[in-house]
Amino acid sequence: MQKIGVFVCWCGSNIAATVDVEAVAEAVKNEPGVVFSANYQYMCSAAGQKLIQDAIHEHHLTGIVVCSCSPRMHEATFRKTAESAGLNPYMVEIANIREQCSWIHKDKEEATAKAIVLAKAAISKLRNDTPLQAGTSAVTKRCLVIGGGIAGIQTALDVADAGYEVDIVEQRPTIGGRMAQLDKTFPTLDCAACILTPKMVEASQNEKINIISYAKVEKVSGFVGSFKATIRKKARFVDETKCTGCSLCTTKCPSRKGKNEFNMNLDNRGAIYIPFAQAIPNVAVIDPEQCIKLKTGKCGLCEKVCSAGAINYKQEDELIEREYGAIVVATGFKPIDPSPLNEFGYADNADVVTSLEFERLMNAAGPTKGTLLRPSDGKHPKTIVFIQCVGSRCEENTKRGKPYCSKICCMYTAKHAMLVREKYPDTDVHVFYIDVRTPGKNFDEFYRRAAEQYGVDYIKGMVGKVAKEGDKLMVQGSDLINNEQVHIAADMVVLATAIEPDPTARSIGTMLTASMDTNDFFTEAHPKLRPVESPTAGIFLSGVAQGPKDIPETVAQAGAAASKVIGLLAKDHLVTNPCVAQSNELMCNGCSQCEKVCPYGAITYVEKEVRGPGVREVRRVAQVNPAVCQGCGACTVTCPSGAMDLKGFSNKQILAEVDAICRW
Amino acid sequence: MQMVNETGWKPKIVAFCCNWCSYAGADLAGSGRLSYPADIKIIRVPCSCRVNPLFILRAFERGADGVILCGCHPGDCHYTSGNYYARRRMTMLFSMLDYLGIERGRTRVEWVSAAEGAKFSATMNDFAKTITELGENRKLGDLRCKK
Amino acid sequence: MQLMNEGTVARVVGWEKGEGECDWTPALFESVQEMDGFVYGDYAGANLSKYCVKMNKAEGKTLVVLKPCDTLSFRQLIHEHRLNRDNFYLIGAGCKGMKDESGLLLKCKTCKGKDFEIFDEIIDDEESKQPTAIMDRMEGVTALENETAQERFDFWRNELSRCIRCNACRNVCPACTCEKCVFDNPASSVASKAPVTDFEENVFHIIRAFHVAGRCTDCGECSRVCPQHIPLHLLNRKFIKDMNELYGEYQAGVGEEERTPMTTYTKTDAEPSIVRERGNA
Amino acid sequence: MTYQFPKANAEAIVKGISRAVYAPVEKDGLTSFERYEAGMNLALDTIPTDKSMKDVFFPQWENLMHFRVEGKTIELTEEERCHQDFVIFGARACDIQAVKVLDKVFLADPVDSYYASRREHCTLVALACDKPEDSCFCKNFGADPASPDADVTLYPVGDDYYVQTNTEKGEALVKEWNLDKAEEGPVEWLKGEIGKKYEELPFAHLNLKGFDGEHLKEKFDSPKWKKLSMACLGCGSCTFACPTCQCYDIRDYDTGNGVQRYRCWDSCMYSDFTLMAAGTPRPHQLERYRQRFMHKLVYFPANNDGMYSCVGCGRCIKKCPMHLHIVKVIKALGEEESK
């Protein structure tokens, strides 16, 4: 039999004004197991805690019930109090008589009666409590960063700077991500490559950072502190250690049909190629879909011209298995394909381009070497129409696009318009917009400069139709301010397309058991207070994978994620939550149902000899990894025999509460 | 405030609330002094998926007149998917109780976030009203438990 | 018999005749001589899948005779890791609908079909491939759903009040293979041995149906064995009907191991309030 | 004395009895002994009823006592014993024989006062079995279907019941009915007829040789139990239908305000029967199955001067979902004896 102490808090007048605290303390005295009860003005105060500790010592209490504010407020406090008095911290139950009693009821008699029932329920639960021990698990001091864009690079640099090893896994042949494709950046108009490539170089030269490019994470198991990842490094057919990046092979390659992904498919590249001049690693890669040698066995020109002997047509995928303490998701984004949005004529007209394509058309390293020429006939466009919110902020369920604001389009459109007007002052620039959103440092100033100083024509309204007429694109839209229809004969139309998570994000989320929202952005552990952590312990979020954001925000979040990673890796051991599921092997029949509902993969099955009264046989039984289990309890209800139970919220404990509350 | 019908009978209602959303929502209702009947007593569970149909039946066995289960909104579960399982389980259980002729209003599931103190209070008031109208649970109690 | 001679199988689980005409009993045959008593035919109603759980631990292969509906149970038991496929040699036996002294079995009147979900060998003829179902499987459930709540309550009180808690329904059920049933486990806080009150009658049957929901193949054995003639299949079929309607058509014991409707979800599942909004209140 | 009344008056007679009456009634196709109330469907022609007369003396569950808990105090209230006279109307020979078996158990020291009080207050009205079922084999076990042993015996002849009183209790009861006196001839004729009918039943002559204490080990070790028990589900159908199965479990039900202590039927077929901290003494169904029949046919007669605790009512034959029953066991193990 337990010896229970009950401590009723007044919370000043917060509780005591509505609940007769003395009556509560008196009423619970005769409950089975209760050997002591008291009330005090502020239980959470030093004096109140001392009262509890003294009672624990004096009455040799085995458990305490504190009738006070919400356990969300002071459960941790009272657990520490109990622990310091030598009691197991999980032998503490809180009866919430403030938020769920005194604050919502006015009648003192009624509130007191309810407080007594709540106290009795907590006592009943406590009678079924057992001391719980928090376990520990070791931390592998290495971090995996999935994605090598600016988010991944920045996180990797910061983590490495603290002295921990980092592996960056990038699916493309080079790191750099979307930022590498950009021309200038808002609102400063400095060149993207000029600020990004030094970071890329820094990452490649950092001893702690290992870049695994042209690779994907194939499998992840384990849990916070000790994940195990299998990484597939795709065959490049070029020996990375030998290739000097001289790019001779890329100029000699006779295959010219491969679309240049880096230039948004606006031009072609060889079958062997280096994505761009500053690529890291600066190593060629052979596209097996285009390579004549790999497809037909003939050719082999690149091998002949390579003085380093780096070409290896027989290279195979390589599987790398490594352990990590933390994983950062920095999988980034891609612009949506606006083809299904028929009114913009993207699929039918070469001169209707997306903003990212426009970036490449403006970029000195792009397909037009930085001269703005329209894709259809290579002429200078004289009238350009920019359309914002293409596929963003759509009504849900219309399937016309994304419900969210892509956040960056207003600013980059202003940037594009400004750049065009600066470089080609004879060009007319019109921008259709729904709203112009500029909440950022120097953002609104930037937008006003575009509109006011650079003479960009901002039209509030949406475009209804883009149609080709001769060599012009007739843009028909509405001007909501002047309340009229506008028709503009444009040479080029630029669509500020919505951005969406990289298509690989969903499968990575599933692999990591990290939750995602309906748009496939990773969700945060808490939207406000834990914005860079996934609800799954040990998984951190960096960059657009979590939600649309611009470069400075991405870099800031990348740094924040890094600091969380560092905080984790700095620990040698992690203390685990002891309120986890536990399988009674004697009752488990091995049916696997619990395994199917576990969101964390915490349950595995083993063939094991079970022993009990009259039982000694090998059975298939469930085992819970307490370091992985988060204690939701989904398994406990799925288990028909009740073999699976949850410590701290056991069937018996909850039923005891039900019984105490529902006394007929 | 307490719900009383003409005969002086008061309902007994159990509310299972998940720790992360609904229990916090109840706390918020408290902070906002948004009242609901004292006949409702809350039991904290880690997640709505922790609630076994046996708990609900036990409450009725012991004389509860209504049982309500509150969890995070679908998609917002702290454990990512717990409330989706709870949703299916409770749909099935409620359907079976209905099939056995038990009054439909006696059981309910509501999704209440940590930010929805007002919704929590409104939900509880509405549920208590429904139960008061339904009257005493005569079909699903165990008479041995009656004093 | 040949298989037993060759040593391929160590035993056979089939049927033998009883004292009368209709009282065939599932039987174990451990030698070729014993096989003289083996019978198969109109009164082989029992589903032998459940016996396989016991046989799974026996040395050597067991030959089991399964009717089409029984193969679903067998498959489901493999999904639940209660059976090792390699321990069995399965004869799929054609079925023309099974009988007892009062004619065609209820479960055969709503026969689900003549396909064998799992087998090593099939022995059947043209006649056994003909459909035997003479009524819609969900007819009884639909009829009840269309009644008023009070009528449903009265119906089930009348039926369940006959329960003597002999556990025949549970013990025959191929989905009830727990090492220890919650209702037998004093530590579960819900154990009970007798239907002392209406509540206990209700809770046992509600929870049993709930525990097998998504795994019940609707083999109909529960109703067949009930000595008190309680239509227990109407409980299981209610869940099957609900799951089919709300979560998509599903038949337990078909195909590969996968999540059952109760161990999966979709984000757009119906809310529990649907129960309040449909049918008769 | 011998009396007579038309069968058509039976219901009126039952209704007219001033005490509580338990009689076989039919509901939803099942028959059992219930406390008779107007409107119930009397089933006086059914042999045997689905549920036996045992239920009246030894119900499936009954409260023994109640503990009321208030704070730290506990108050105990014992359940009242039966203290009012009642009548069982329509008992059959097999069930009456079964009560004799139960008496051996419950009335032996220490006396089960719950059972004893009911026995004491009962007046038994029996019915001779003129239309036995093929599953009946009571004569093998000492019951007399032609002349069941009771306070009053009814003999159905033609459209009438002939009534014979055998005790003072019986005479007192029948006096209330105001019946016409009758000849004994038809009764004697019926007894002869019943005797002949029972000779022709399929299980009229079972070989019970060797079912005794002396052959205990031989029967226990028989290899046939494995095959006999294989199909057993381990359910309680046979036990609960059986008029002599007397095992019970005592359980406590927590009512929230106290504890209701009750007893309920248990079954040796259950895996948790006589479960102990160290496990169960009969871990497989084979042992449980063997236990049930060894008890009825070997252990019980060995301890009770040869009285079997099977009465041949045939309910297990009808109720076992897998068609396992005591006749199969007797035949299988009896054969062995004859070898």
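Observations on the model:
Labels for the chains are A, B, C and D, by order of writing; each one numbers its residues from 1.
To be clear about the criterion, a contact is a pair of C-beta atoms (placed from the backbone, for glycine too) under 8 Å apart; a residue touches a chain by one contact, two chains touch by 3 or more.
Bear in mind the structure is a predicted one, so any value in this text is a computation, not a measurement.
Traced through touching neighbours, the fewest hops from chain A to chain B number 1. Of all chain pairs, the one joined by the greatest number of contacting C-beta pairs is A-B. Centre-to-centre separation of chain C and chain D, using mean CA positions: 32 Å. Taking the mean of the C-alpha atoms as each chain's centre, chain B and chain D sit 47 Å apart. Inter-chain centre distance (chain B to chain C, centres taken as mean C-alpha positions): 34 Å.
Chain centres here are Cα means. That of chain A falls 71 Å from that of chain D. In chain C, 182, 196, 262-263, 267 are the positions where the chain touches two or more neighbouring chains simultaneously. The set of chain D residues that touch two or more partner chains comprises 253, 255-257.
Touching two or more other chains at once are residues 518, 597, 638, 651, 655, 659, 662-664 of chain A. If touching chains are joined by edges, the resulting network of the protein chains shown connects every chain directly with every other. Partner chain A is touched in their complex by these residues of chain D: 69-72, 254-257, 276-280, 283. Every residue of chain A that touches chain C in the complex is listed here, in rising order: 518, 586-593, 596-597, 605, 617, 619-620, 638, 640-643, 651-652, 655.
Interface residues of chain B, counted against chain D in their complex, comprise 62-63, 142, 144-145, 147. If you check the complex, the residues on chain C that touch chain D are 18-20, 23-28, 30, 34, 46, 51, 158, 162, 164-168, 170-172, 184, 192-194, 196, 224-229. Within the complex formed with chain B, the chain D residues making contact are 253, 255-257, 260.
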